[in-house]
Amino acid sequence: MIGDPDAEVDRARPFDSAGDRDVTFAATPDCLERMAETAATAVIVRQAPPGAARNLLVAASPKLAFARAVALLHGQARTPGGVSADLVVGNGSTLGDELSIFPRVTIGRDSKIGDRVTLHPGVSIGDRCTIGDDTVVHPNVSIYDGSVIGSRVVIHSGTVIGADGFSFVPDEQGRQVKLLQLGWVVIEDDCEVGANCAVDRGGFGPTVLRRGVKLDNLIQVGHNTEIGEDTVVAALTGFSGGTQVGRRCVIAGQVGTNQHIIVGDSAVITARTGVTKSVKPGAIMGGMMPAQDYNEWRRAHAIYKRLPEISRRLSRVEKLVGGDKRDPGDSQ
Amino acid sequence: MIGDPDAEVDRARPFDSAGDRDVTFAATPDCLERMAETAATAVIVRQAPPGAARNLLVAASPKLAFARAVALLHGQARTPGGVSADLVVGNGSTLGDELSIFPRVTIGRDSKIGDRVTLHPGVSIGDRCTIGDDTVVHPNVSIYDGSVIGSRVVIHSGTVIGADGFSFVPDEQGRQVKLLQLGWVVIEDDCEVGANCAVDRGGFGPTVLRRGVKLDNLIQVGHNTEIGEDTVVAALTGFSGGTQVGRRCVIAGQVGTNQHIIVGDSAVITARTGVTKSVKPGAIMGGMMPAQDYNEWRRAHAIYKRLPEISRRLSRVEKLVGGDKRDPGDSQ
Amino acid sequence: MIGDPDAEVDRARPFDSAGDRDVTFAATPDCLERMAETAATAVIVRQAPPGAARNLLVAASPKLAFARAVALLHGQARTPGGVSADLVVGNGSTLGDELSIFPRVTIGRDSKIGDRVTLHPGVSIGDRCTIGDDTVVHPNVSIYDGSVIGSRVVIHSGTVIGADGFSFVPDEQGRQVKLLQLGWVVIEDDCEVGANCAVDRGGFGPTVLRRGVKLDNLIQVGHNTEIGEDTVVAALTGFSGGTQVGRRCVIAGQVGTNQHIIVGDSAVITARTGVTKSVKPGAIMGGMMPAQDYNEWRRAHAIYKRLPEISRRLSRVEKLVGGDKRDPGDSQ
């Protein structure tokens, strides 16, 4: 800590909107250069810039320190709202203490709701489910029979847990016959699942989100997929059936994975990449089609389709020309 | 107007199914050529084709004129259905006049519902929300605390407004720590949001859909994104956090945008394009992988991966061959 | 059948977890090689491997035979749960026999619910809908007015049937004017629709899923699209308005189709392909950007953008070199 040790802050705010009695953080190098511009009372930085006449908090991860400051200054204690009189609950189900169960909630048979759980309006929980302590389920979430949800899990609105995996096989007449989906879903402690996701039950055995997985919105998790601890996944990504994703991976948005592949621990998959083969631990994988001028793209793509021909023509020319096979270096 | 001024129409119909007492429009040049084929009583066209013995309505935008004809002939006056006796509404909330509130609706505390609002079954509205006059919210929509929805807005089923933005940062042990999302969502007047979309609240401050924005289905709008007036967005597109989209843009389906980029006014992004950098106003941007024969695609893609090598080999050959550097022109 | 004709099985299980009194199937050639490893009492195979000392069931399609074994051993007879006392149902609607209508279900006016239908909590059905016999609608599904759903259909949670098609046209001031969507949705017998899909109503006339179509999760079906019998579609795929998909097609995940194109019968579209033009019956189409090392991809893509230039340079070199125009063959 550098500067006035008695400085006080009430709020956490982003760099450009922070003011008096606010703490902020230098999100980018650019912020460090513009340090004079913020009216914040204190700024969290990784390293103190030379000669900055400000109150500075030096932290190895300024964003992490800021996240903790936000939680400290703005987090709200939960006050249990009780159980709505209109709760519909089936035989054999049990309810914990200090609940907030809003109106319009339905719970099936033989399910177990932990302590301090919050179930918002329109939540439907099936039979034989478990919902761990301190878990929050937002409005209109559907949880199918047999789902196992851990403690301190957050599930956002519209998400569907435990619908059938997609598994059909054509019969002799070409009609699709369903493989009954006998598995279930396990979501371990401290996971967060965004809005309008679909986490399918396994065909046999479970589909699993390990402890601390964080999913953004509109994500598809196929049957028997397993996602490792602390992995984060951005919106509109789809995991095919049986994908194995490691721990601490970063999967960006609109990614897709092939069936039954393995993504190693700490791998990074950049946005919009189609993962067709297994990925080594720690690998950084990419592959997308970035926007360019529409007509330029059309011209480039016309050649792309002819790449095998281009390659053959180049080989022919090389044969004719011969000479030094030394690579001329990357002259592009 | 050309033809019989006393011709009457009761219905608006597409070109190929229009019949007697129907008005239609020439959607494509092809329709103009097939003018003799339609049984429609009147056809809206941009320009009268020579010698067409039909009732024609000439309009600068035939599709616009047709849209207005549809609204005129088929639009139905709303009759308020009243407020269901089972409405659950929290303290401090106020309800306007001439409402249609269906059964199974839940409204939190200190929210304000305008006049002539329609709330379908299963709608969940949180605390401190505003819903403007004449807005229609379809079944099973979830609107989180603090959302501000304008007048004449339509929100289709399953859509989630105001769930948390996706913002986590790893701690010293690699566990993901949540940045509390303190912002909210603003949807201005005359917007329409399709089914099963997710419009996240801002981290700080609002996520905003400006007046007249139209979203198709299954669209992700990240925290603190702002979409400008009258911009249209097709299905399965995702906007990363902090994207700034201008006015009157056309964003096609399955597009994705990088964080914190700016898409200028009136820009067009064609389908399935990944927008990695800011886009100038009026630009037309593309970039996707169009379907081709599967085996041809595999062969082309095998070369794609070796493009840096191809380029080096070409440079080497050029060096050996030398000669006239004049571009031989686009001989492809 | 080969082996002990009196062997009995109680369960169907995957190859690697099957044990005593289980039947399994050889999903891959690899399973045939590892035949000695499974503890299953019986294995379904396409062809008996030489010298396998096991109980074998030989079937033309082992997966199909296995699906039937699963259904036989694990399928559960439905017991009707009756109609919840809290059902809200409008005037003119009729209900069949042996229903399971859970709490929190809302049905509009003049709708017809067939026999042995199951409606889970939070299902909202509009006016003038038809739900055929033996159909199952999972929690929080929204079905708009006028939808026609066949018999033995399954609709998973969060799915929206019949929301408006996405059809707007700018007026003289650039404001988007809506084309009222006067059509409806038809889902024929034996279809299954996954979780959080959106099947839009037609602009005029219907959007149609023909008999036996199977949709995975998070799929967009645009207005007036028609999908042919027994076609299967994987997650996060989007069909633009007016797409015509044939019978028995296989459409993989994250595919997108252009408006008004035709995909012929039995066509296969591999994952993440953008279908810009009509596809012939039986064609196998591909086109995606498979993951590769991130930096390698960046280098390849830098050249991709310059392909027209590369192509011109190659042509120039060829002109200079001349010589034998014979294709040197695929020397890559």
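Structural remarks
Note that the chains take the letters A, B and C in the order they are written out, and that residue 1 is the start of every chain.
The definition used in the following text is that contacts are C-beta pairs under 8 Å (C-beta built on N, C-alpha and C of every residue); 3 or more make two chains touch, one makes a residue touch a chain.
Source: prediction; values computed, not measured.
Homomeric contact chain A/chain B: same residue numbering on both sides for under half of the interface positions.
Rotation angle, chain A onto chain C, C-alpha superposition: 120 degrees, expressed as a multiple of 5. Each chain gets one centre point, the mean of its Cα atoms, and the points for chain A and chain B are 24 Å apart. Touching of two or more other chains is recorded for residues 104, 122, 140, 158, 196, 218, 236, 254, 272, 288-290, 292, 302-304, 306, 308, 310-311, 314, 317, 321, 332 of chain C. On the side of chain C, the complex with chain B involves touching residues 88, 104, 106, 122, 124, 140-142, 144, 158-160, 163-164, 166, 168-172, 174-180, 182, 196-198, 200, 203-205, 218, 220, 222, 236, 238, 240, 254, 256, 258, 268-270, 272-277, 279, 283-290, 292, 296, 299-300, 302-304, 306, 308, 310-317, 319-321, 332. Remark: chain A residues 13-14, 17, 60-61, 63-64, 66-68, 70-71, 74-75, 102-104, 120-122, 138-140, 154, 156-158, 190, 192, 194-196, 212, 214, 216-218, 230, 232, 234-236, 247-248, 253-254, 271-272, 288-295, 297-298, 301-308, 310-311, 314, 317-318, 321-324, 326-332 touch chain B in the complex.
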